[in-house]
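Two complexes follow with chain A in common, the first pairing it with chain B and the second with chain C.
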Partner chain A sequence: MSKQLGFLHNSEKCVGCRGCEIACKNEYQIDAIPQWRKVFQLHEDDFSLPTRMFFSMACNHCANPECLRVCPVKAYTKRADGIVIHDPNRCIGCRLCTMACPYDRPQINPAKRKVEKCNLCYQRIDKGEAPSCVTACIPGALELVEINDSLDQKTGILKTLPGLPSPNITTPSIRFIGPTQGKQIRRD
Partner chain B sequence: MKFHYNICPRNCYDTCSIISTTRNGVLISVEGNPKQEYTVGKLCPKALDDVKKVYSPQRIRYPMRQRGRYSGFWERISWDEALDQIAAKILNLKEHYGTSLPLALNKYSGNFGVLHNAIEGLFTGIGATTRAAGSPCWSAGIDAQTLDFGTFFCSDPLDMANSKLIWLWGVNPAWTAVHQMPIIFDAIDRGAKVVCFDTHFSATAARAHQYIQVRPGTDGLLALGFAKVLLEENLIDSNLSSYTLGHEEFLHYLEAEISLDNCSDITGIAVSTIRELALEYGQTHPACIWAGFGLQRYTNGGQTLRAIDALGALAGHLGEQGGGVQYAQFETWRFSGAIQNPPHPINQTERLANINRFSEEALNYTDPPVKMLWISGRNPLSQDGNLQQWKKLISQLDLIVVSDLFHTKSSEAADLFLPVTTHYEHWDLNSSYWHYWVGANEPAILPVGESRSDLQIAWDVSSRLNTLKPGSCTFPTSGNEKETLLRELGPQMLDILGLKNPEEILNGPVRAKFPSTTWENRSFTTPSGHYEFFSSQAATAHLPPLPIFVPPLNPSLDAPLRLMTPHHHSTINSQVYAIEAHSTDFILHLAPEVAQRYDLVVGDRAQIWNKSGQLEVVIQPQSGISKDVVIIFQEHVKATSPLNCLIGTPLTDMGQLTLGGRGFALNETFVNLRKL
Partner chain C sequence: MGDWEWPLIIFTVFGQIAIGIILMLWWLNRNRDLESNLFRQGVYVSGGLLIVALLASLFHLGHPEAAYRALAHLGSSWLSREILLFLLTFLAWIYLFWQSRQQKSSRVHGSVATTITTAQTAVGEQLIENRSLGLGITSVLGLLGIVSSAMIYVMPRVPAWNNVGPVLFFLLTTVLLGALCTLVLGRKLLQTAQKKRLLQASLGCTILSLLVYVIYASMLSISIEGSASLNFLLSSPLFWVRALLGWFAPLFLLVSMLKNSQVNKTNLILTVTLLAALGEVLGRALFYLSAIGIQITALF
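Up next, the complex of A and B:
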């Protein structure tokens, strides 16, 4: 199997501060919309106890990217290290990819009428630096990792979280350390 | 490209050290300074958004005059016109009343940099004026710790990583001190247990091993309950008599007055849980308590913190590496104060108005009345209670000056708006009230538009006053910002920072040379030199000498729900970052059972009201909130009515001793609810 870079997100450590969102915007000078990276709160209905849990998600650089498959103008390519690159010069803004992505991460830029998305800071990675979101994360909840069997065999590594689409659709290159719930002593 | 040292000046625990980058005189990026051990090179989204804030199209770039308060008809004027109007009004009032007391200043922490005290210096230089005194934030807790320890002084927050048991009590660092979270996670990785006490299930509580939901305002009684268990189980530090005063009286109080059943009834925590937690706290060393600001914003807030301090003392956790009862500190703020203390022109004392009841107390002053108000680093019309009194005060004023970056609720009522610089455009000096780092802030770019620093504005006003009437203000009429900054580092501060000369601060942020753990030798700065369970100072101030339980306010039939308004992760009070508000309404978070009781479902519109005012809200049921509490986070919303229209001016029990005014018992706000 060839190399596949991706993200490891620790929902126990992510406090939902959204530093990663802003760091991404600062790196690429993106307007308020689109949001290449976005922090979501996990629905508490999916857990037995109240939760205040978050996950941060950008493009998942899937092993089987639907965006790449449906794009009529070949704006998407996949690098040898697994990063899915979107080329705005080819993009015609048809939005097929935004409909095909189960994670809604390719985003239309209303001003440019083209799609944009996270390219995993490939220019930083090529210089040996971490992506800007990873560098910015204060509690250390976001890591750049190689997605492979040895990672998946570690205990506590999850392929999905409650409320997310099935990973079988696109085989996303993101792994999670799931939230653990402490003991909650609540009064009536 | 050029790099510059900056410090985030927001009123926040973290006070991050920043490195900003400019290209051709334009600020292009900000990042954390990796050499500062608390920031460790990372910034929160509020600071990360600073470039947008600095160049925001909404920022006010020129002095403005409003044609009619609340009209929104602002016209650009020159600095000369603004300064003329201000100076003429000041001199006119002084002449008419024969004193400068009609001039009032309401300033606080919009920018916590030391050079912003120039506005205070300007007012001192004019003469005796009317001043907002005290703090809306932390007053009761400060007095409590001052009575107990002699002063409030927390350990280096990195010390928390050494703890084996961390009690986060009424504090939500995940949203308000995010750099503390990796330190807490480190402690967890080393095997520490974390317990979070809060009135509602917060983002921090969700990451604790155990969450304890305390009935609001009863935290002090819970601490006394724990102390009672320590007494019963003989888990009391055997050396108490060597470093504490009055522990026998305190133990006697526990024995005679505190019953665990009663404690359980009132706090809402089962006796078995109280026992279990107390045993763990008494038997684990080191164990640390971090008491937040939220738990002291009650009418009994000072007593609450004294009870928590007493619990820490009883268990022998004071002075323990990785232990203690941490609240905040001001030991790294021992600046020379030269800036706010120019020579007093005449021997007359200032009139003080409690900042939390400013409008009421300012209105009470009639001889002479307050006629001019300067608002700096504050937004009282969005944050203060009792808006009706504020309206009354505004109508009696001849001139209202607001200096700020953006228009605010308060500038809606202003006559003049003076545009100020951000921390990327002026020199400053900043300390944290939590960690031990102090640093100089250097300008990275020229002031945007015609904005001026508070210090420059103070010089300019003084200069204009002295031109119109020589000798009318003793504050300097010009100067050099950098030199003014260096003068703030007097011998005491240089000693604290371990610097030979003030210029060394320009080489980057410096950690104060205090040991990491406070009170390590258990020598305290109280009158007795001991930790004081029994405080004569408290008795002198007509407060109970022992930490005892005083009940908080109770809801009434007219207003049965307690309204809590905690910080949101995206804001610091009314300071927001530039990302547009998503919601047009405040969200009322409440227990699903309460929503049901009022026939409300998610997304419904409802009204909350009390005798202060009314507010339209959108309903969001959420588990983890108890049935007697509703919560509105201080989120950035486009609502036309401000959240503080529901707030009165209840005061905390303490704050007078150290800060000259009792604190704001914000959490003693009650509302009624109905579906719209």
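Up next, the complex of A and C:
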């Protein structure tokens, strides 16, 4: 299996501050729409006890990217390190990739009439730096990792969370450290 | 939930009518006895529709001026394949157009001549053979283009599309509207038996379309997103208007026309064609509107 970079998100650490969203916008001076990275809140009733947890998601640089398959202009390429790159210069704004991605991550920029998405700060990675969202995450909830079997075999690593599409569709390169349930103590 | 994708509605429906007409002309010409005027009219109308369809498709793009790049990913993108096949269909149509002009000029020369020579007969037969070949090639390329169009929508993210439904819907629209529009064009030129065949084909397509939709709808409830699409359809007044205009009214009229030997009644032919066309346009709008994709359901 070739190298596959991806994100590891720790929902235990994430406080939903949206610093990663802002860092991404700052780095690339993105318009208000689209949002390359977005913080979501899990439904409180998805767990046995009411739980307030967040997760942050950008493009998942999937192992089987649907965006790449459907794109008629070859605007998408997958690098040897697994990063899925979108070239806006080739994009003609057909929006087929926005329909095909179950995570809604390629998004149309209404001003430019082209699709945009996270390219995993490949320029920074090539220089040996971490992506801007990872750097900006104050609690250290977001990490850049290599997705492989040894990671998946570690205790507590999840391939999905409640409220996310099945990973079987595109095999996303993101892993989660899920929220652990605390004890509910009743004071009678 | 999808949007009113007017450029795509016009592109798919008009493109399918155009190819449907060519397909019907090919079928009517199976004994090499297609009326020349009908051939010419059919070629002109289908060409006009094909041009409108191709132009409309550009308006779907954010950057229509770069549409030529859509041919770049034939290896895996059905959209690239669709564009290629529609362009080839258009090239084949140009050949048909040229044939129709040849036919016209040969008839003008023929009318001046007092006697028809063996050479002229041979030229005429060759023209008919070329016409048949052109119709066949255009039909096959067009049908492949339509299948490619449908395959664009077969994607795992949208359960309402991720099945054989889009291919069947698109092909049924092609044959149904192709047969009815050919009937309209040939209402004064076709023989009664030919009209009857076209009406029977239309009736068959309408019944099949209704049956396929019932099976399709029953399959939608398997997934959450499919159920949401089904609920949207059943609660939308547009769907019931589509059912009335596109299925029930044409069904009633077609049965009545065939049963009461009213196949030559122009008013009825025009009415049933108009109703079926409106039904198909609404059906295509609903196809896009009812597309509900698998997505993140966490809170924003």
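Operating definition for what follows: the second predicted complex is superposed on the first by the 184 of 188 C-alpha atoms of A that agree within 3 Å, B and C clash if a C-alpha of one lies under 4 Å from a C-alpha of the other, contacts with A are read in each partner's own complex, and residues count from 1 in each chain.
Criterion: a contact is a pair of C-beta atoms (placed from the backbone, for glycine too) under 8 Å apart; a residue touches a chain by one contact, two chains touch by 3 or more.
This one's a predicted model, so the numbers in the text were calculated from it and none came from an experiment.
Residue contacts after overlaying the shared chain place A:Q184 against chain B, while chain C stays out of touching range. In the superposition on chain A, A:I85 makes contact with neither chain B nor chain C. Once chain A of one complex is fitted onto chain A of the other, the partner contacts of A:L96 are limited to chain C, with no touch recorded for chain B.
By the touch criterion defined above, A:K114 reaches chain C but does not reach chain B.
By the touch criterion defined above, A:G140 reaches chain B but does not reach chain C. The contact surfaces that chain B and chain C form on chain A in the two complexes do not overlap at any residue. Interface residues of chain B facing chain A in the complex, by the touch rule stated above, are 29-30, 42-45, 48-49, 51, 174-175, 178-179, 181-182, 185, 201-215, 267-270, 273, 569-570, 577, 579-580, 622-624, 626-627. For chain A in complex with chain C, the residues that touch the partner chain are 38, 40-43, 55, 57, 66, 68-74, 90-96, 99-104, 108, 112-114, 161-166, 169. Of all residues in chain A, only 12-13, 15-19, 21-23, 26, 32, 44, 49-54, 136-140, 179, 181-188 touch chain B in the complex they form. Residue ranges on chain C touching chain A, taken from their complex, read 60-64, 66-67, 69-73, 76-80, 83, 152, 155-158, 291, 293-300.
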